[in-house]
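Given below, in the form of structure tokens, are the structures.
In what comes next, subunit A is part of two complexes: it sits with subunit B in the first one and with subunit C in the second one.
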Partner chain A sequence: MNRTIFRLSAQAVAGRRRGLVLLLIPVALLVLAVVIRLLTEGDVGVDATVGLGFSLALPLVSLLAATAVLGPEVDDGSIVYLLAKPVSRHVIAVSKFAAAWLTTMLLGAVPLAVAPFVLDASDPARAVALGVGGAVAGTAYTALFLGLAALTRHAVVVGLLYTLFWEGVLGSVLTGVRWLSVGAWGHQVAHALSSAVSDLRISSGYAVVAAVVVTVGTVWFTGDRLRSFTLRGDE
Partner chain B sequence: MSDPSEATPQGRSVIHDLGYRPYTGQRLGAGAIARSLVVTGFRNAFGLGRSGRSKVLPFVLLGLNLLPALIVGGVMAFGGLDRLPIGYAEYASTTQVLLGVFVASQAPVLFSRDLRHGTIALYLARPLRSGAYALARWASLLAATLVFLVLPIVILYAVALLTELDVSDQTREAGIALGLAVLLALSLAGVSGVIASWSTRRGFAVVATIALLVVANGIVTVVQGISGEEGGRPVVGEVAGLFSPYSLYRGLMAAWTDADAPTPPSTTGMELAYVGVLVALSALCVGLLVARYRREATS
Partner chain C sequence: MSELVLDQASRWYGNVVAVNGISMTVRPGITGLLGPNGAGKTTLIAMMSGFLAPSAGTVTLDGTTVWRTTSVYRDIGLVPEREVSFGYLTGRQFVLANAELHGLPDPGAATERVLEVVDMVDPAARRIGTYSKGMRQRVKLASALVHDPAVLLLDEPFNGVDPRQRLHLMALLRRMGAEGRTVLFSSHILEEVEQVARQIEVVVSGRHAASGEFGEIRRLMTDRPVQYVVAADDDRRLAAVLIAEPSVVAVSLRPEGGVAVSVSDFGSFAVRLPRIARHEGLRILELAPTDDSLESVFSYLVGG
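Let's turn to the complex of A and B:
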């Protein structure tokens, strides 16, 4: 972990326009929760809102954060100046991951706990469980997308296809996809902590282990890719 | 100031005369430049005329988008169904994720690269006006989006005719789907074009477009789901549907075909409002694009 790289990466995430969109996603989720709370009675809309947060808001936030710390530098080629420094490439990868991870936790996982609490304050255990589940999924998402950003210039599109097409469209048709879906792992962890969250019937042990393996594996992979990095020109 | 493009056959060019033989053929005007820009842009949107690696993404997306239509064709041929298992208009609603990713990822190809690399100055140095450049780029993206939307309809229509379903019914439904596809393509091309020309970082433009399209649609769907339940107020859902291109499409689809959607527009006035918002959104985006490039030309 290198503090300078961490600070620079955090600045890249919070850059003007990107910071704006990053902030808009959780704000939209919370505004939706507040509006539903004001206009309806009972715990209407908790499942729908949480589903929206898990399947869209969280992956989009972590995708924006993870590609922000690596993508632009690779795009304009300025990453060579960073790689020329006598810092281990794995340290670079971990520092960048830390910056993206912190953003995902603040803007992805915390709103996921706040939104159900706003909708139904009578069950704080569920809110906490969803927050923890969101943190697990957010960590794995961030690491996965960081690895993608180190692998390909089209990391954003591949990441979007993974979350929206694989987890979203195919996941709703082929139920077996949930075993290979980061969002479902987080959901299952939330279920293990609070039975108010629906059960996806994956063992929670598997979910945790899979999330840890993906996180550690892809962060290590990012460092390894940076170790043998070649810049390609724009197409 | 004389027009530098008027090099004379006598060999007197306007800026320098180094004694080289000048171009004496016919000079084509702004119209021809705009036309060839539209064609090149359309090809570029699918990676044609670009490197092999940039062909992969658009064609993978197109392939994934057509796959269900081909499967439907196979099912129709061997299963002997008496109607299509998926409606023409419903198709785009089902594959909206692929459509969104395609438009979002190919808009920066057309709108961001010239701005980011400064090559826009070379285009604007020609007799082409900045507004015409913006319109040409937008037309390319619109055409590419339409191809993406219309090809599955054509395949389904061909399958329906080849399995001898009722021709007039199928033609009417396919016609409605085509009209809806044009409305959706207009708005998507506009929105993604504006975002891509606003943020010239490709990756960021893609996520911003998707975030806007998909998150807005997700929020609208949640609101519609709640207001469409027993004892809810469907009017809230109808109004909420006005706030995202996908939900506008879905609402009109449910109103005009026999497909289902939560809280479709129930009155003719609301249907007109849905169409009006789609058209107004597209017009607004085209206006913003023209303004964006005019600013680029004057700065």
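Let's turn to the complex of A and C:
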């Protein structure tokens, strides 16, 4: 972990317009939760809000945070200023991941716990379970999207396709896709902690292991890609 | 004292060869990498700085392969042509971040020292986004110098820099070279390279076209047959007297008028032409070089 890289990455996330968009996502989720709470009785909105949070808000926050710490620097080549240093590429990857991960936890996972609590304060255990599930999924999402940003300039598009098409459309039609869906892993972990969360019928042990493997694997991959970073001239 | 050695280094992208089997040794002092745009200078510097894998051949710094070796950056300072995009940082913050990344014992002191070297102490409190081209170039240089590297690589450092800043930058490079650092910079302007570099490496179309002291390179570039078109009130008579000149190697009458002349020694031709004209009573209407562009100089070097 390199504090300078972490600091510069955190500035990259918070700076520009991206920081504002990042903030809008959890705010929208919480506003939605408050509105549903005010207009309805009981816990009608919990499943819908949690579903929206897990399948859309969390991956979007992870995608924006992960691509913010790496994407623009790779795109305009200014990452050479960070790479022309005797700092291990894996340390750089881990530091960038840490900055993006912190953002995902604050703006992605925490709201996932707050929203169900706003909707139904009678079941705090469920809120905590969803928050932990969100943290597990958010960690894996962030790592996965960081790896994507190191692999391709079109990380945002590929990340959106993965989230919306693979996890969203295919995941809802073919149950087998859940085994390869980061969101489903987090959901399953939440179910293991609170039975009030629906069961996706994948082993929760598998879900945790898969999330760890994806996280470690893609962060390591990011470091390796950075080691082979190629500076392209204008010619 | 460090030596950067390229041994048959090549780089191709698919069917396009950007750098073709270049071998050179960059020694302490200042080396100018001269070549027209698109000659492969940036590709070469990317390979020298470990940001591009050679497709064939090797690039080593004091015996260590540069590609994928993170520790070489202890000894290399790189000033890429690419702009600094950390516009939201101040110059001082940017240089300080570079010092910290190098793990220097006192990054703050190193930052102030190098800001003084590049003469950027005052503007360092301003954000990089507000800098002029020359200031950005100097802040880039500061970031590359902050760890006191033995090797300094600069890609087109004088591009877009105003004349006063250019002189300052040149003086700075000379000092770096005099201190025993291995300094290499690229440029497409011969005069620029001549003013700073002792050693010049010429690259054309990805090939190593020439290598030597600036005097040799200058001679190579100027002592070549130069083509002119001379038009006079009597072209045929002008051609007849010109061919008698020792400095003239070929003369032909152009169908559209004028005489095409090949000159081997431009100096004496320039002195002789007005005298001939006056002696013969010829009126010279036009004198124009036909191939004085740098590209033709380079292509001459490649051909010969």
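Definition applied: the second predicted complex is superposed on the first by the 229 of 235 C-alpha atoms of A that agree within 3 Å, B and C clash if a C-alpha of one lies under 4 Å from a C-alpha of the other, contacts with A are read in each partner's own complex, and residues count from 1 in each chain.
Just so it is clear, a contact is a pair of C-beta atoms (placed from the backbone, for glycine too) under 8 Å apart; a residue touches a chain by one contact, two chains touch by 3 or more.
Please read all numbers here as calculations on a predicted model, not as lab measurements.
After superposition on subunit A, the partners subunit B and subunit C are seen to fit next to each other with no clash. Of the two partner chains, neither subunit B nor subunit C is touched by A:Pro111.
Of the two partner chains placed around the shared chain by superposition, neither subunit B nor subunit C is touched by A:Gly131. By the touch criterion stated above, A:Gly223 is placed in contact with neither subunit B nor subunit C. In the superposition on chain A, A:Pro72 contacts both subunit B and subunit C. By the touch criterion defined above, A:Ala28 reaches subunit B but does not reach subunit C.
In the superposition on chain A, A:Leu63 contacts subunit B only, with no contact to subunit C. The minimum CA-CA separation between subunit B and subunit C in the overlaid arrangement is 12 Å, rounded to the whole angstrom. Residue overlap on subunit A between the subunit B contacts of one complex and the subunit C contacts of the other covers 72, 234-235. Of all the residues in subunit A, the ones that touch subunit C in their complex are 2-5, 7-8, 11, 15, 72-73, 76-78, 80-89, 227-235.
Residue ranges on subunit A touching subunit B, taken from their complex, read 17-18, 21, 24-25, 28, 32, 35-36, 39-40, 44-45, 48-49, 52, 55-57, 60, 63-64, 67-68, 71-72, 75, 154-157, 160-161, 164-165, 168-169, 234-235. Contact residues on subunit C toward subunit A in their complex (touch as defined above): 18, 37-38, 40-43, 46, 49, 51-53, 68, 70-74, 76-78, 80-86, 88-89, 97-98, 100-103, 143-144, 155.
Looking at the complex, you find that subunit B touches subunit A at residues 50-51, 53-54, 57, 64, 95, 97-98, 100-101, 104-105, 113, 198-199, 201-204, 206-208, 210-211, 214-215, 218-219, 221-223, 225-226, 229, 236.
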